[in-house]
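To keep things simple, chains are lettered A, B and C as they appear, and every chain counts its residues starting from 1.
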Amino acid sequence: MLSKKSILSVDDLDTGEIMQVLESADSFMDISRREIKKVPTLRGKTVASLFFEPSTRTRISFEIAAKRLSADIVNFSAQASSLLKGETIMDTLRTILSMQVDLLVIRHRDSGTVKLMDSVVNVPVINAGDGKHQHPTQALLDIYTIKNHFNRLEGLKVALVGDYINSRVARSCQSLFEKMGLEVTIVAPAMLLPEDWSGFKVEHSIDRIIEDTDILYMLRMQFERQDRKLYPSVREYNRYLSLDMKRLSRMKKDSVVMHPGPVNRGIEIYDEIMELAKEKGNNILIDEQVTAGVAVRMALLYLVLGQS
Amino acid sequence: MLSKKSILSVDDLDTGEIMQVLESADSFMDISRREIKKVPTLRGKTVASLFFEPSTRTRISFEIAAKRLSADIVNFSAQASSLLKGETIMDTLRTILSMQVDLLVIRHRDSGTVKLMDSVVNVPVINAGDGKHQHPTQALLDIYTIKNHFNRLEGLKVALVGDYINSRVARSCQSLFEKMGLEVTIVAPAMLLPEDWSGFKVEHSIDRIIEDTDILYMLRMQFERQDRKLYPSVREYNRYLSLDMKRLSRMKKDSVVMHPGPVNRGIEIYDEIMELAKEKGNNILIDEQVTAGVAVRMALLYLVLGQS
Amino acid sequence: MLSKKSILSVDDLDTGEIMQVLESADSFMDISRREIKKVPTLRGKTVASLFFEPSTRTRISFEIAAKRLSADIVNFSAQASSLLKGETIMDTLRTILSMQVDLLVIRHRDSGTVKLMDSVVNVPVINAGDGKHQHPTQALLDIYTIKNHFNRLEGLKVALVGDYINSRVARSCQSLFEKMGLEVTIVAPAMLLPEDWSGFKVEHSIDRIIEDTDILYMLRMQFERQDRKLYPSVREYNRYLSLDMKRLSRMKKDSVVMHPGPVNRGIEIYDEIMELAKEKGNNILIDEQVTAGVAVRMALLYLVLGQS
């Protein structure tokens, strides 16, 4: 039912397809709340999960999604593999594909490798994050979380705060949020922005938007992806970009805080807020994002495979 | 049907509940002997196994137990994880929980961490071993093995021999065995005992109890958990605490040898005895303990989850 | 239906049994081409996969085979294990076996260890590769691939090219191919041959057989298994043993190229040929071998377990 074979970027889905994903996710959300969280939809399908970069949440989220759809899933991680024997990554891919796998979930450290891999295989690929490029399932689960909370999307104001330049989540979210009618502001100092940010609405401090934003989306500081020492000091970060209790208290009623996780406590978000988030009825949606993740990934696996 | 949400310690179960676990384990033992070792009891449940310490037998035992009950199980181990990205362990826990997992099996290196984790989640937790503190599923499979062999529990004499101070197995077994009416003696030199062992029945050499004990329970020497060099030399160990053929021959008819595994051959138990144990009809119950482990863990998963 | 309990070597199967494996593989090949690639044949069976050596293709191939037969499979790898705690490998084996596992798939670095392990257990063992000794499932999938392509076996000429001395694949293929009526030539310099190769038909250069062979079977250069520096230089290798486009063009119509994978590009086979192999309708059967691998392993699991 989706027009493209694979989901490599949020741009692979048009608005209608995105709505279809969100609606499917709604039904799968119901399934995950049942006593028996399992449907036979993808029985007899084989999903291969190829992670060339360490991951907990995304890998396990896909694994749970596949299992709740009754698919078989095999995990391949670069460390435990024949890459040790000098096999090229493309030969690895051909090998796994020759085992008549129905779908590949791929994460890779280098931007674009997933796209290259997709171009040589005839089964669907879902990008589980490639370098600094795209993380479409994250953006989709975020938009699902937002829609679920606000019951609308059009016109909501969202601020993406922090390490934009190193974040694949930022790129996917910006693009998807704008497509769905949200107003996106990037909050970052020049050193965390791309060289050309013409066309972006940019602010350099969280204080400039905190009272007016509906969704405060804190980006993870990607220390592990920074090539040069271009990030600000923690002190600088805290001054302009961190969320503390004082700033939290200035936010509008009904506004929400999001983060793709894992949070660097004391950098993007202060400890007190993380503790506060555990209590019910607050507007910190980090856990809700994770829950949505399983449902959205079930929807994607289903739509990509279910009627093929 | 169990009164507590979680099983963190053997003290979380009263005598009636322990009997219930043993009876359930009996039926699951039958299932593991069938051609088709699988029942649909926990279909559609998701079990997450979180091991922050390396393990073979316990992890695989729980995995087999979950699969034979038709539950889905996802494995999370600390090495392959986002802990690499500086995520705190409690945030990891919240993430996994937000995926609507039904039960957590947790092993952790630090005493008490499992309890802390349990206190912040609303799903059942089964402690798969925490530091030097508790290993309740081991003690339960041991009592199952004993009951299965002797057809009674009350009044049996058991000696826990060796590295008491560093052993979570010892602590769990001592407590559970006493609760079930066994007479427990600890056989260890002062350096392998806690500072305050008032209330314990203690002997310093295996020779003092070997002819009178029903169950000789050899504790694993926990080299990896010893902070200081407080253990005796191998020579000293052998002299007072090891089981060799000569000592074995002095044991009562119908008495048995147990060990939670893996055995340090030549320390707790001599090679010849390990070889002897392979033959049928002897009273070395090490393999029987492992077999009981799957059945007892099936029973625990069932009782904790089955009727919720 | 097979006469031996286990499959440790190709010699464990007689000609009739081999034909039976190939016929079963044919039906399982059909299943892997269906929409629902799953049959309930081994529901409720537990397969344990024990890999004491890193592997991608073989481990995942067995995992997919087991899952398509609805068996439960647990993976044990030496790194993540109690071997860390000093457990002997044989004690590990007893532990896993005591969990009432129905079949073991074992790979081990040392020749003969798998046989030793088999001798102490009463469940079937499938050898997934032991040192330089045997890799029977590889040879069986190769003969399946050949039969599938040529529709006959008797009288076909096959050349095993390259690192014979370090290759368990070579040993298994040579033996199985000869048993099935193929004419085997080994193409290797003396330094890559065993000391006594009387009884072998040997050539020292690929050019001596390239125009006359039906199957050019390129062996993987086992750098990781070479004790001394006995291999030729890459230049020497290329001169006498590598497959380049020029040599490929000299091959007979209908002749085929095979390789057990992973290929050392530029050593056994040149890059251009690997790229060419991606296109349909060529005679480079490397991907077909992988596909056959799942079907043949399903057949073996079924025949060894299915009617027990």
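Keep in mind that, in the parts below, a contact is a pair of C-beta atoms (placed from the backbone, for glycine too) under 8 Å apart; a residue touches a chain by one contact, two chains touch by 3 or more.
From a predicted model like this one, the values you see are computed outputs, not experimental measurements.
A.B. asks: Superimpose the Cα atoms of chain A on the matching ones in chain C and note the rotation angle, 0 to 180, in steps of 5 degrees.
C.D. replies: About 120 degrees of rotation relates the two copies.
A.B. asks: If you list every residue number at the chain A and chain B contact, are more than half found on both copies (same) or fewer than half (different)?
C.D. replies: On the two sides of the chain B and chain A interface, the residue numbers are mostly different, under half being shared.
A.B. asks: Just the number, please: Cα centre separation of chain A and chain B in whole Å.
C.D. replies: Result: the chain centres lie 40 Å from each other.
A.B. asks: Touching at least two other chains at once: which residues of chain B meet that condition?
C.D. replies: none
A.B. asks: Within the complex, which stretch of chain A touches chain B?
C.D. replies: Contact set of chain A toward chain B: 32-38, 54-57, 60-61, 63-64, 67-68, 77, 79, 223-224, 261-265, 274, 278, 286-288, 290-291, 293-294.
A.B. asks: So in the complex, the part of chain C that touches chain B is made up of which residues?
C.D. replies: Of all residues in chain C, those touching chain B are 43-46, 48, 72, 74, 76, 80-88, 91-92, 94-102, 120.
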